[in-house]
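Two complexes come next, and they have one chain in common, chain A, joined by chain B in the first and chain C in the second.
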Partner chain A sequence: MRDPILTREYLKRRSFIELSARDRAKCLFDSGTGLELAGPFDRIESPWLAMQDVTPEADDGCIVMRGTIGGQQAVVIAFAGAFQGGAIGEVSGAKLTAALDLARADNEKGIRTNAVLLLETGGVRLQEANLGLAAVAEIISSIIALRRHAPVISLTAGTVGCFGGMSLAAGVASYVVMTPEGRLGLNGPEVIEEESGVEEFDASDRSLIWSVFGGRQRYDQGLADALVDDDADQIAKTVRDLIAQGVPPVHRSEQIDLYRSRITALDNARQWNPEELHFRASQNKEENR
Partner chain B sequence: MNKFTGIRGRVWFKALTGQASSMPGDPHSVLTADAQIGDDKARFLCVVPDPDGRFPCARRGEVGLEEAYTLAARVREAIGADKESAKRPIIAIVDVKSQAYGRREETAGIHLAGAAAADAYATARFAGHPVITLIVGQAISGGFLTHGYQANCLLAFDDDGVLIHAMHKEAAARITRRTVAQLDKLAETVTPLSYNVRDYAKLGLLYRLLHVSNPEDPAPEDVSLVRHEVIAAIQDARKASPDLINRTESEAACVARKASRLVRARLEEQWNH
Partner chain C sequence: MRGLILAPEKIVDALELLLKPGDRVVLEGDNQKQADFLSRSLVQVDPKKLQDLHLIISSISRPEHLTLFELGIAKKVDFSFAGPQSLRLAQLLEDGKIEIGAIHTYVELYARLLIDLIPNVVLVCAEQADEEGNLYTGPNTEDTPVITEAAAFHDGIVIAQVNEITGKLPRVDIPGSWVDVVVQADRPFALEPLFTRDPRQIDDLQILMGMMVIRGIYERHGVQSLNHGIGFDTAAIELLLPTYGESLGLKGKICQHWALNPHPTLIPAIESGWVESVHCFGSEVGMDEYVAARPDVFFTGGDGRLRSNRVLCQLAGQYAIDAFIGSTLQMDADANSSTVTKGRLAGFGGAPNMGHDPHGRRHSSPAWLNLVTSPSPLARGRKLVVQIVETFRSGNSPAFVETLDAVAVGQKAGMPLAPVMIYGDDVSHVVTEEGIAYLYKAEGQAERRRALAAVAGVSPIGLKAKPEETAALRKRGIVAYPEDIGVERLQANRSLLAARSMEDLVAWSGGLYTPPPRFRSW
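Moving on, here comes the complex of A and B:
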């Protein structure tokens, strides 16, 4: 029989995944401090979508919000997976880059400003192809410039996941936070099946997809720093804790030898069992030493 | 697929450095050399096909796990070596058909390998190394993000064999539910969709478009022209801001990326309301 107390706890929790991008952003801030910038009333739409008979949105699927988190200045940039699969267009990409640059400028003036990226995105928006790809390159650069001063936290809760070029943006972040419903990878299952064949990756195999891309796997293999349940309060607390922790002594994407060494030993003649890549336990041991 | 994919990279690496080999211990798909250009000894890097490569999905000129980590390591090696001395230019010669599309790659977390390479190039740029990218063939999607797109200056050949894009045309048409003909038609007015490098130049991201008479088998004049332009780019990069703001401030970007500029202006206005 199920423990009734657990059930009540479960029912009491507030789902983060079910929130809109705007509400997701808002719930991370200290109560009442989250203020949206360049919002829908500024009506900066994609100039390219209407030309292709695609209806643009007044916020281009990207929400920028400023306020305080745990008493510190912070900017949260959230992608709305519901619009164009959260894909990066010229406007949404420029919002993220400019917000990161403004946060960096504040840090350089001595005002510590942290950044949290809510990445629910399939990557580059193909209707804005080259400007989306260019935006991703600029986003990566701006994250790297900011993270020297203050942590840049990447959060992928689901259900869209973080794919394409934006997975590199998550890769250069100071901390990666995921829920078990989040997924993270460069090429999604359909793309691999399309490009390399169903023998390489069967995109209809749900358990394979989650075993490779899922938040639990990314955490167990040491590619995510925190795994949190789909609970808005828990997620907000995790973000607060990481901001309090500050800039890590070394960023994951600088640790080339460590991450490279984990794959050089594996037998390449066959596909790998995702469990072969579980390095979290040994990593924790090293960190505690 | 372009029949020259992967050939041009090696040809131009050799033309500019006088050699075409990997550094000891590196996969044969990554060429690295320190060679003289103008007054500088620069570090040149290039990803080339290796039919005998360790990973089956990264043998035809794709950027895979080993390529990305090797680029990252070789760029960081240069940053480390120049910590207390003059910052050598870092030159990425780009002819990459894409990132590697494979299950091993995703299982291992190729996004981190790509991030490590992009990080190394960007870190070099912020540390004061002039980072110059010379696009001699294809520069597609995650392959380009990993190798080349973090440069201070992007130079590309004005040639039909040059392809800079987020995705190959057939796949992009399929995913956006269009025919290739419809996509071509749209690209005439929607500049960022175009597969033509001259349209790419209109976006304001390029430092220079270079006219080379024979990109597959360059004549000495071609090589000396390219050399000359790369040297000019190195000099300009040393004087310019180390971030990528120039990509939205160029004359062409003021037209093509108006929306990007408007977003930045609006956020600046509202940041401290």
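Moving on, here comes the complex of A and C:
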């Protein structure tokens, strides 16, 4: 991981952020193995958007692809940030849940199948509010059921970021991968500003936003497991390595005491500097012990 | 006071003492830098002691510029540009709280400082001063020399705010003998990154238009010297030069000399050896280290830093370049254009200076001669004035309209002139996503209108185009669609851009460019 971006070498990379959700999914697979399921020609689109004067899309902004990664079976589910900010609705939610459940069924039959979620999403789609919320609940329970058998990897590269209910899905994943351009958080900057005022959070201050939600901060906090450049080859390699690593001995969301103790230690009467919340160094020390 | 140095806490008293009601006062508000300590201090004077000032501000940028009118401290304004305050300015005008002398081009406003708007007091800003009052402006010299000169040699008072007072200046931009009062500001002067465009926001249509400009205008006419506006479409052109332009073998043939601010999106072209020289109106936040490292391209002083100068660069852009290319918000059937739309009084800045054919030009260049259409031995060449505009703006409102909003705005405000930015008869080319209208070639007003309609898409103007007339215009080379000039629509996508993000620009600069925080997404 570079720090910071400086050299001409960086220009030679193949940018992952520039890729569409479909191409992002495809580039993670072993060459030629990615096959799209329930694709746009199956025309499974949201029945709710047209009623609200929003043009639906034939894949509902959710791409499901199956193939092999590093020789192992895998399913990649990618949200298209370009459609409705990647927000999750009834159909896209059902596609994601079904993909995870089929992967679990294969695992139970002895065919190890890994899952990768490409999360560029503002969370629940407001036009399908309750159905979207229900979808988030189903997704979380499907991830938890699958992650016992095979790793579920969440990847947020940018530029939309992963917010709202879908940040909870990232939270229960086996591994979280981010780029410095990626953002991860429950309430997005605009929501915080709207709820608590501009004094609490200035949503136009990009350096503040990235210092709180950005990939580097999440990695330093220990909330992301890998920080990778916006480079399709490096990202694909990171995903392959994590799949090869297999199910982690303990998932992040199972470490209830650790995270509870961190929250308890936070004095929310004072304004914290994001850098004070870097736990990775100490965490690594604990792990080494 | 100690010599010329005034204690900062005395500034409001000093302004009340040195300014008289009704004085003509230049408040340095440039395109980029702002004498904000002085404007924030002027708002604090007692309106009972000081009122009805006639302000001259090249760029009305800061909220307190207009608060002065609400408080009655100022009454009349002459200006060039009001982008950030355009809505509030329109409202104040409607409420009768402000009187507008005129909306100028930059050069025109500076010229009047020497003729009929000679200032009584000027309030300017610089980075550093010494005890003698010599000023160092740093890379953002901008408007300071001309403003100061207008007052210093005609019994006017020159008051300068500086970031710091030091013993030895890196260089002298304004001699101390021109300056009457120096005051150290409470914080460094405000500086806006107005010319930074994030490549991430450039879309495929802008890339298509950029490709058309490169082939159908720059290559066709051999444009060697030019100015670019600040739109994403011109940023796209800058980023296409090292890729698309290179593939056409155009390096060294086009776009070598620029009158331009240090646009971050020009970095890849500079680094690829396209650019021989750039003279700047002002600097750009974050570009200082990069510019200092390229003294072969930019104008730099003995201290290594950029020396910019808005009036000189505007003059260069008026008289010495082959082509100006900029965008507009509205254009009518005769190619008149304006950025003044209902409820928004934005002004024009430098566009009309550079966006016209100066009839006082007497030197030739290949591109200038290439626009000759008359066989007469006395025929003269012509500057390329190119307007680049998508047929529809955001929110689905057409950019091509029957009547400019500027006409109604001008009438309502009682202006003697409708605020037109660039008059149609100055425009030589119009580029849209549909194609290029070579208006300079059209014979007569009716044919000119047909040529413009042919590229105006499904806007009210474009719907007047008749397919058979358009076909005839294409045959005669008065209108070109992408396929007529060898531009492939399918090739127009972001993978053609030399940089697709701010990170890429930093990488191109070898880490010398430091984007301001608001442009960082990492």
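What we mean here is this: the second predicted complex is superposed on the first by the 280 of 289 C-alpha atoms of A that agree within 3 Å, B and C clash if a C-alpha of one lies under 4 Å from a C-alpha of the other, contacts with A are read in each partner's own complex, and residues count from 1 in each chain.
Following the convention adopted for this analysis, contacts are C-beta pairs under 8 Å (C-beta built on N, C-alpha and C of every residue); 3 or more make two chains touch, one makes a residue touch a chain.
Owing to the predicted nature of the structure, the values given are computational and were not obtained by experimental measurement.
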By the touch definition at the top of the document, which applies to A:201: first (chain B), second (chain C), both, or neither?
first
Could you tell me if A:19 is touching chain B, chain C, both of them or neither one (first, second, both, neither)?
neither
If touched residues of chain A are counted for chain B and for chain C, the larger one
B
Which partner does A:216 contact after superposing on A: first (chain B), second (chain C), both, neither?
second
With both complexes overlaid on chain A, does A:90 touch chain B (first), chain C (second), both or neither?
first
With both complexes superposed on chain A, which partner does A:258 reach: first (chain B), second (chain C), both or neither?
neither
In the overlay, answer first, second, both or neither for which of chain B and chain C A:11 touches.
second
Both chain B and chain C touch chain A at residues none
Sort out for me which residues of chain A touch chain C in the complex.
4-11, 15, 17-18, 158-159, 180-181, 204-207, 210, 214-216, 230
Considering the complex alone, what residue numbers of chain C touch chain A?
200, 494-495, 499-501, 503-504, 506-508, 510-511, 517-522
Show me the residue ranges of chain B that touch chain A in the complex, using the header's touch definition.
54-55, 57, 65, 69, 72-73, 76, 98-99, 101-116, 118-120, 122-123, 125-126, 141-142, 144-146, 149-150, 164-167, 171-172, 174-176, 186, 189-194, 200, 203, 205, 243-245, 247-248, 256-264, 266-268, 270-271, 273
Hey, which residues of chain A end up touching chain B in the complex?
35, 37-38, 42, 44, 46-48, 51-52, 64, 66, 90-91, 93-95, 97-99, 101-102, 124, 126-138, 140-142, 144-145, 164-165, 167-172, 184-187, 191-192, 194-196, 200-201, 212-213, 218, 221, 223, 251-257, 259-260, 262-263, 266, 268, 271-272, 274, 277
